[in-house]
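Once you scroll down, you'll see the structures, which are given as structure tokens.
In the two assemblies presented below, chain A is common to both, partnered first by chain B and then by chain C.
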Partner chain A sequence: MTSIGTGYDLSNSVFSPDGRNFQVEYAQKAVENGPTTIGLRCKDGVILACEKLITSKLLVPGSNKRISTVDRHIGIATSGLIPDGKHFINRARDEAISWRRNFKDSVPIASLADRMGSYAQAYTLYSSVRPFGVTAIVAGADNDGPGLYMIEPSGLYWGYFGAATGKGRQAAKSEIEKLNLSELTLLQGIKEAARIIYVAHDDNKDKEFEIEMTWVTKDAKTANAAVTGSRGMIWNGWVHEEVPKELLEEAAREAKKAVEEEDEEDDDAKGEEKMDEDL
Partner chain B sequence: MVNRTGNLTEDGIHVDMEHLKKGEVNLGTSIMAIQFADGVILGADSRTTTGAYIANRVTDKLTQITDSIWCCRSGSAADTQAVADIVRYHLNLFEIQNGHPPSVATAASIFQEICYTNKDALTAGIIVAGVDRHKGGQVYNIPLGGSLHQSKYTISGSGSSYIYGFCDSYWKDDMNLEEGMKFVKEALKEAIKWDGSSGGVIRMVVLKKGKKPERHLFLPDEDYVDPPKKQAE
Partner chain C sequence: MFRNNYDNDSVTFSPQGRIFQVEYALEAIKQGSAAVGLRSKTHVALVALKRNAEELGSYQKKIIPIDKHLGVALAGLSPDARVLSNFMRQQSMASRLLYKRPVPVSRVVNSIADKAQVNTQHYGKRPYGVGLLIAGVDETGPHLWEFQPSGQILEYFGAAIGARSQSARTYLERHFESFPDVSRDELVLHGLKALRDTLQQDKELTTDNTSIAIVGIGEDLKQYDGPRVKRFLDLLGEDGTKSQRAARLDTAMDAGGADDDNDDELAGLLGESGPSGSAMDTTE
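Up next is the complex of A and B:
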């Protein structure tokens, strides 16, 4: 790497002569190898999905969650260093609680993203700390409807229709771009999300994985949790929760089938090409 | 006398409404706020007293907090002005930081937080009313102890005791502007008529969604007629 030996990468708060902050760039590198994580902002809610490689047969299926509930209406998925993610989530929960205390209202998604962006940014300023080794995808819904934000280690955050980070982000992004997210419903979205996770997994095919998927919904018919509230309760009617098991399993089954069929077609096509050459 | 809001004795909690310091300026008051079809209307008398002396006969007890959230103040003039100033500061900051104006519920919540945590030091009865993007017109009452109550209309201050019956009889949901203003005006006329600590003029502020606040001023004795007798149902 060009910077090795220059000394400009040893500390936060030190710029290199060409105006870069190497510590932040290294943190971004840490995320690039993290698990593929995506967010889809649909018409009637938001979906978070994460590819979890099974690193050991000893791990209980469905354990070690990468997507957390921060407030009843907000979920955050982190990709990168797990402990950094846990700390980030804790801070987000504190922000959500303090907002409730101060304003008797559920925190708007844009406001939480802003607070957390500022928090991440503060960790790029001082020599005593290092930037977060995580990219966080914030999903939630408020009075303005569904919201999706992605916060990077530099503190940069943007609002998205669809966001992807981690190892398979390039493949995932090009798949997300094909979707019409302003018309897509949650029920359609979970199938797309599962498919995208399978497509993005392509590069490290032999490794076993499971899909972790949550959504933010207001639909009492499909929600696991009771979508009800009583007077005086501080809640905007949206729930962040795991996608119901049957729906997720169905989506994963279909996704697997779709990806396998596509592979077979590709193989057939290659076969035909070869035959042509033989002729 | 110990300067406290409530005293617990053998026969219950006694709340001394008149525990102001000697010479402290008091808003012995009639204030109210109502929801109507297009928003909210706030109303107040204009009398400020120090003991028996009327310190100001044209007081403005209707105080603006944000573009579309106002409050009615009763109790100690100094305390309620200070609280309103603090809340105004917080809500201005909120709008700058979050890029949208605070909801009326948020405004009421900040008023309540201050009134509740400082209940031993304050004499403040505040009505918060306003309109916001999502819920339209709303009215909240924060009485002496710092509790928070939302309602379709609320009346407060020493003069309000005299108009509970009037308001209960003549209240209608979703009145139009004319009906709403008449309701507030006639109610405050009665409060001023019966309450010695209320008087002067009637001030009113009308808040409609997406419109600038409108101020109105009425004289309580002008065209005074007794409220029409209602037949028992």
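Up next is the complex of A and C:
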């Protein structure tokens, strides 16, 4: 920790002699401890999933959501400081509405990611504010098809096939890299997403958790509704919604089984190694 | 001398990504006396312990009615709670004026959460120093929310904030599974029992220091203070107003063996029910 004690890390918008803004780096630290959150851009839509640790059994299950709908066709998942995430999402909703007012169309995902990137960046410019303690994964679909972006506290953002943030991001990333996302369908994707959340959870097994999962999808019904909409083509027919309960439960069940089996194999392998050593 | 340089304002992250000013504000809640909230399928109840600064002084306000269907209990800085509750009343009135309907509980809770978040991100502002339990009923039924100075809001079946609130939470965790189907009176009784567990050894629940509010489906918020609390305290039964810990000590003293009861006392604090603990649940 060379940053501590130099005095360059006490205020936002201050460069250190080697050109770093420490307060932004510290904001990223807030995210690194946050819950694992992933996004998968599939062939026919996008998936958002996050691990929700159950901190108290008195909490109402299914309440206190971490993934929000920003516009009918866009969802955002945040990891890090939850209140900051709420603020960020409110701003994204305002941006989406303003785009509709100006252009009579639903906002393209790249444009929303750009606006929100700029918004996050503005909070790194002044000593009177602090950067957002969140990374946001933006999922949606437009004329270019499904889109997935991840915005960091610095304002930096990239488009992704698969994105991961939070505590288990390293494990999640290496699992995502094994997938062929340009061929994967949503129905296959939700099973992979559930499995990845279970794999990434591995480090703190003792805590119970539930999976929150949404997708951006388009079926015949919604596509038709978009075309026949009475106020003109202001919605592109893609919907951000919760993954149907039965599908999610099935995916979670399979994921749990797969991870447990993998663990057993690992244990067996270790056991054999041990026996070899003993011999 | 070691000095923490990262805790002077709410716009500075520590190297670990923490915001100390917000964490300190969370501590302010623990300085206030306890408040408990819990909900059934039909009702939400708030019970709170009032403190008086001196023997002849009046007791503080712990429960603030917002609207016919909405009320809050507070722990921490009460002036901050007044600012937030005034804001909630405005929201509530605006909803009735604009939409001719009472404001949904989640909407009003989200609005104060957003307000509180801004205070944690701008220089020259400070986080609110108060925790709230918001109880209300809307189209989707009864709801209980907890609000924190960080801008965090969470929906609960049962929640407790303020000094020694962990004891109340332990009680709620043990009993909340039965809450959905209990009657109005039983719900309040569970609340009082949870609140009772937060009491100091020499204290007991009285008509002076206990505040109750209940709201239900098709039933306006009703607040009980002073003599009107008596009916509920009577339901708790004799000696029931004392904390289980204090009562247990009393019994031990009577038996002349205070010393060997200390293990039970410790077990009780750790969440294990001591043998003499269950004997006090006369009303169950």
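Rule of thumb we're sticking to: the second predicted complex is superposed on the first by the 266 of 279 C-alpha atoms of A that agree within 3 Å, B and C clash if a C-alpha of one lies under 4 Å from a C-alpha of the other, contacts with A are read in each partner's own complex, and residues count from 1 in each chain.
Throughout what follows, contacts are C-beta pairs under 8 Å (C-beta built on N, C-alpha and C of every residue); 3 or more make two chains touch, one makes a residue touch a chain.
Small disclaimer: the values here were computed from a predicted structure and weren't measured.
A.B. asks: In this superposition, which partner touches a larger number of chain A residues, chain B or chain C?
C.D. replies: Comparing chain B with chain C, the partner touching more chain A residues is C.
A.B. asks: Should A:86 be classified as contacting the first partner (chain B), the second (chain C), both, or neither?
C.D. replies: second
A.B. asks: Is A:108 touching anything from chain B or chain C once the two structures are fitted on A? First, second, both or neither.
C.D. replies: first
A.B. asks: For A:129, select first, second, both or neither according to whether it touches chain B, chain C, the two together, or no partner.
C.D. replies: second
A.B. asks: Quick check on the superposed pair: does A:143 touch chain B, chain C, both, or neither? Answer first, second, both or neither.
C.D. replies: First partner only, chain B.
A.B. asks: Contacts for A:57 in the overlay, against chain B (first) and chain C (second): which applies, first, second, both or neither?
C.D. replies: After superposing on A, A:57 lies in contact with chain C but is clear of chain B.
A.B. asks: Is A:121 touching the first partner chain B, the second partner chain C, both, or neither of them?
C.D. replies: Touch partners of A:121: none, neither chain B nor chain C.
A.B. asks: Who does A:10 touch here: chain B (first), chain C (second), both, or neither?
C.D. replies: second
A.B. asks: Please report the chain A residues shared by its interface with chain B and its interface with chain C.
C.D. replies: none
A.B. asks: For chain C, which residues are in contact with chain A within the complex?
C.D. replies: 5-6, 10-19, 110, 113-114, 116-118, 120-124, 150-159, 169, 172-173, 176
A.B. asks: In the complex formed with chain B, which residues of chain A make contact?
C.D. replies: Residues in contact with chain B: 102-105, 108, 110-111, 114, 143.
A.B. asks: Touching chain A in the complex: which residues of chain B?
C.D. replies: Counting only chain B, the residues touching chain A are 94, 97-100, 102-103, 105-106, 108-110, 113, 133-134.
A.B. asks: Spell out the part of chain A that touches chain C in their complex, as residue ranges.
C.D. replies: 1, 3-4, 9-12, 22-23, 26-33, 56-60, 63-64, 81-84, 86-87, 90, 123, 127-131, 133
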